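Each in structure tokens, the structures are laid out below.
Note that chain A is present in both complexes that follow, paired respectively with chain B and with chain C.
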Partner chain A sequence: MKLRRSMLYVPGNAPAMLRDAHIYSPDSVMFDLEDSVSPREKDAARHLVFQALKHYDYAGVERIVRINGLDTPYGLEDIAAVVCGGVDAVRLPKTDGPEDILAVEQAVAAAERRFGRPTGSVKLIAAIESARGILAVRDIAVASPRLIAIAIGAEDFVTDMHTSRSPDGVELLTARSMLVMAARAAGIMAIDTVFSSVDDEEGFQREVRLAKQLGFDGKSVIHPSQIAMVHAIYAPTTEEVAKARRVIAAAADAEAKGSGVIALDGKMIDKPIVERAMRVLALAGEVDA
Partner chain B sequence: MNIEHDASSGTQESGDARVMVRPNAGKGLSLELLGPSTARYGEEIRTVVLATLESLGVSDASVLIEEKGALDATIRARLSAACGRAADGGSMPWETMR
Partner chain C sequence: MNTNSIGRELPGSVPGYDSIIGFEGPTTRRRADAKLYASLDKALDAVGVRNGMTISFHHHFREGDRVVNMVIEALARRGVRDLVLAPSSLTTIHAPLIERIKGGTIRTIRTSGLRGPLADAISAGLMDEPVLIHSHGGRARAIDAGEITVDIAFLGVPSCDERGNANGSSGASAFGSIGYAMVDARNAKKVVLLTEELVPYPLTPASIRQDQVDAIVKVDSVGDPAGIGKGATRMTRDPRELLIAQTAARAIAAAGIVQDGFSMQTGSGGASLAVVRFLRELMLARGVKASFALGGITSQLVRLLEEGLVGTLLDVQSFDLDAARSIAANPGHREIDASYYANPGRKGCAVDALDVVILSAMEVDLDLNVNVITGSDGIIRGASGGHCDTAAGAGLTVVVEPLLRGRIPTMMDRVTTIITPGESVDLLVTDRGIAVNPLRPELRDTLLRAGLPVRETAELKRLAESYTGVPRPIEFDDRIVALVEYRDGTIIDTIRRPKGLAR
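Entry: the complex of A and B
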């Protein structure tokens, strides 16, 4: 498990950006072969991303590739290239149902066999961008043991819903809530959508706070300047960290004594509080997530 | 992989390379390098290009590379894309590619 507070989109057809993507310290980089690449450059972007995966050192930053859907002429070759290149996770766009995940899983498994990678080593992320997808999100979230996260893609979703994005995001509230709930029930992560107005820092931070409050584990970002803002909002306060340390210490103490009851300052500590404390320490970088 | 017709890939932006390949049936490989790094790194680039062509199974081609400070990985990617286009598509031999 790892933190995925920030997933930085990098257009697949931009050699310099592919090389430098990790220097801004996102939790994950996400090379894009889909919407940011024109149809006539799909092959060229695929080659650049293949080379980047194979030869660049991203200093441990997770490498995700957003492929084209399997309903396009590019999807299968995208999977072959990125699995051979050594990708950590494949992000599938426009997931409408569990059958989309199963089809990608089959293609990824075939690529793992073809290129001699261990079965199951390539993880999956499903982006949900339609009303149909949101209504199927419970089934999507449990469609494959390879799934590590589900994400919402807002621009296509609001278009599908015959609406548009607003500053308070009311049009996305139900979809976001359903997606987070499905992720929690499946034991995987939930990733929020991009915020496209790079210059509107206030609006961006408001949206990150909302996503965090709803339970999202992180956000897809389109500009390096957004990474530090996301991390700052997800960072626990000094008080939260201090309290979490005490909770964990009390839990360790109880375990050492063989006691099933954890007490702190004369109060009983429940298991969910210990779990929350662990998450606080993970976000503070003190323990593995 | 056979080079069937002229094809190109890449841009002339900084950090990139523009690669053009042409059929050269039965005449082996011919390579021309242009760009700011060729005086100093020409031999290294030539080695990268020849290794890439070998990994693609291209034995007859005329290749022109205009590089603008591209890293080896970018040159490999642009050359592979140009060859793929010149060979009229199909799946690439990813497992043999460097």
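Entry: the complex of A and C
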């Protein structure tokens, strides 16, 4: 089971950071061609990210690139470069409706054909950053089989909502809840927004705990120091791990006996419980993520 | 029979006492201000200067030092020539010495470190006689053994009393431990104190003592506080340095070091200093305390002392003003001299009692030899310090460095200059994995079992070069600009002039 507890943002025009992002052990690295790159640097950043994808060994860490929207002069070229470079997933910003996903999907599919990559090998992540996007989130979440996760981008969202971010995040509660529910309904992942005060470790941890409790699978992070904090909060307790081990053992036992019914302590265990146990063990680092 | 000055009759000899010298009158009380001179020149007249003598200084004022330049200028004005300059170290601020070398005032230099314009000029062949680079322990040994005979030690102090009792921790220019200078004060033929303040007798504790001091000169300023040290050494926020430090701490813990009563030292540099933070977390989690921390002492180590997590700080050099304040205030924070610290020629020294030392490096090679003196251009820009002393003494020697600095690999076939031999390095911790000395296969197994990322040195080198390409080797000509002495007085390497730098 692939974990996406932490997605580390890396500006696409920072060569040393592109080279090293994975050494801090995030679940995914996310090279940014969009907001952290000024228009003057767009070409250089695209080229750098292309070369990094093509030549650097990220030791198995998932590589995502946030592209510029297709409504900008850069979006199509971004897609071609990163698909050619071998990206694992494309993250599109400012998704307002399923039509945005479909447009990117078409461009990605075309790039896959052009560069000889298997159709469907490039996955998509959609970031929702507006009220319109949140209201369309049910349709967005099921817009493409390539879609593996949806994410909320809070800064643009609160601006759109004529409000600002607060420590307890009340202004985001509805949007977060709607997004995570749409993700669950569609069977994909939900990724929480960045927390930009790098020095406020307490505030960051509070926000991660909130997101985890709401059901989010992980968080976008902007600094390597945030990665360990996210992983610590998502780590299951010793009791949870012990129970999960017993569930998995019971499932293996049932399979060995050729029995379709899994039993533990005299109770029947459903498939979802086995899945949750797998997830617990993945979070505990006991099975391959 | 003889008669003494009071009229008592004395025999010429008695059994067991061959020659009896008669009393001639009481020694007179030495005036309190007998050692005080109104100017440096008057003190120089009093102690006597001559061509070719060896003079010494300490480097506790670091980049703020005003003493070396001041004294050399005074000696140059008097036309003194061919001096052997033997300070504990030299820094960027000593660039004016270039002119005094050209003019013949200084003939040769023995030091732990060289930086800045002076180092550049020496690398380019400024001196006819090569500089001798030695370690802090090696210097203490050489002075102690008489290999370096210091004719006059010029020791700057923030304050002293008028009879010559001094320390480094009282006064406006306080820097904490004066450990390097204590060896000079004990061994030099003449000791001249340059002080910023005179305080009433007795100044205590006396690190430098009245029975060692010949002359005292009050000067306006011995050092620039801004250059002497920061208030507190800030913990690095560089994620790469923190990653390296955390990996190093995990390796140290896996090696079984973090137990009640262990001892440690951290060298300068962001990653090695940051290891203290992670060791502290481990100590708190395991409920263990360290017996002592040694060496350059920082605010982080002072915090451990004040939290009761370490019993004693043995301080040969205070790295920041927090440490300087602490040495004056905390009973458990003790000043030690360079000989106690690291002298290999005596009957014992503190580095031999270390369980673990964490050291920085500029370059490391496939055999784990370490360079901390010459840069990637072959030019001198560092200091030997206590690197080879602590590496030899500690039970576990951990070298930390990023695999790449800018676009230059730090891992190479052969380091430019060897300061510490690879035989005394146990672990190299980088941001891309840990290399273990092949002499320690059991340690390698232990780290692997603990899930730590162990790699071969050759693998690390290949990885570094996969990003940068293979760097072109630096070319040197035949001119030897410095000899590198190992702590026992043998020569471990030479430093040549990079090609194209000949003037």
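Please note the rule applied: the second predicted complex is superposed on the first by the 263 of 289 C-alpha atoms of A that agree within 3 Å, B and C clash if a C-alpha of one lies under 4 Å from a C-alpha of the other, contacts with A are read in each partner's own complex, and residues count from 1 in each chain.
As a working rule, contacts are C-beta pairs under 8 Å (C-beta built on N, C-alpha and C of every residue); 3 or more make two chains touch, one makes a residue touch a chain.
Just so you know, these numbers come straight off a predicted model, no measurement behind them.
*Asks:* Applying the touch criterion given at the start, work out whether A:80 contacts chain B, chain C, both or neither, answering first, second, both or neither.
*Replies:* In the superposition, A:80 touches chain B alone.
*Asks:* A:107 contacts which: chain B (first), chain C (second), both, neither?
*Replies:* neither
*Asks:* Contact-wise, after the overlay, does A:19 reach chain B, chain C, both or neither (first, second, both, neither)?
*Replies:* After superposition on chain A, A:19 lies in contact with both partners, chain B and chain C.
*Asks:* Identify which of chain B and chain C touches the larger number of residues of chain A.
*Replies:* Per-residue touch count on chain A favours B.
*Asks:* After lining up the shared chain so the two structures overlap, which partner does A:281 touch, if you call chain B first and chain C second: first, second, both or neither?
*Replies:* neither
*Asks:* So in the superposed three-chain picture, is A:134 touching just chain B, just chain C, both, or none of them (first/second/both/neither)?
*Replies:* After superposing on A, A:134 lies clear of both chain B and chain C.
*Asks:* For chain A, which residues lie in the overlap of the chain B contacts and the chain C contacts?
*Replies:* Touching chain B and chain C on chain A: residues 19, 56.
*Asks:* Over in the complex, which chain B residues touch chain A? Could you list them?
*Replies:* Listed in rising order, the residues of chain B that touch chain A are 9-10, 13-16, 70-74, 76-78, 80-81, 84-85, 89, 91-92, 94-95, 97-98.
*Asks:* Give the list of chain C residues in touch with chain A in this complex.
*Replies:* Touching chain A: residues 237, 239-240, 242-243, 404, 431-432, 466-467 of chain C.
*Asks:* Touching residues of chain A toward chain B in the complex: what are they?
*Replies:* Checking each residue of chain A against chain B gives 15-16, 19, 43-44, 46-48, 50-52, 54-56, 77, 80-81, 84-85, 114-115.
*Asks:* Going by the contact rule set out above, which residues of chain A touch chain C in the complex?
*Replies:* Residues 19-20, 23-24, 56-57, 223-225 of chain A touch chain C in their complex.
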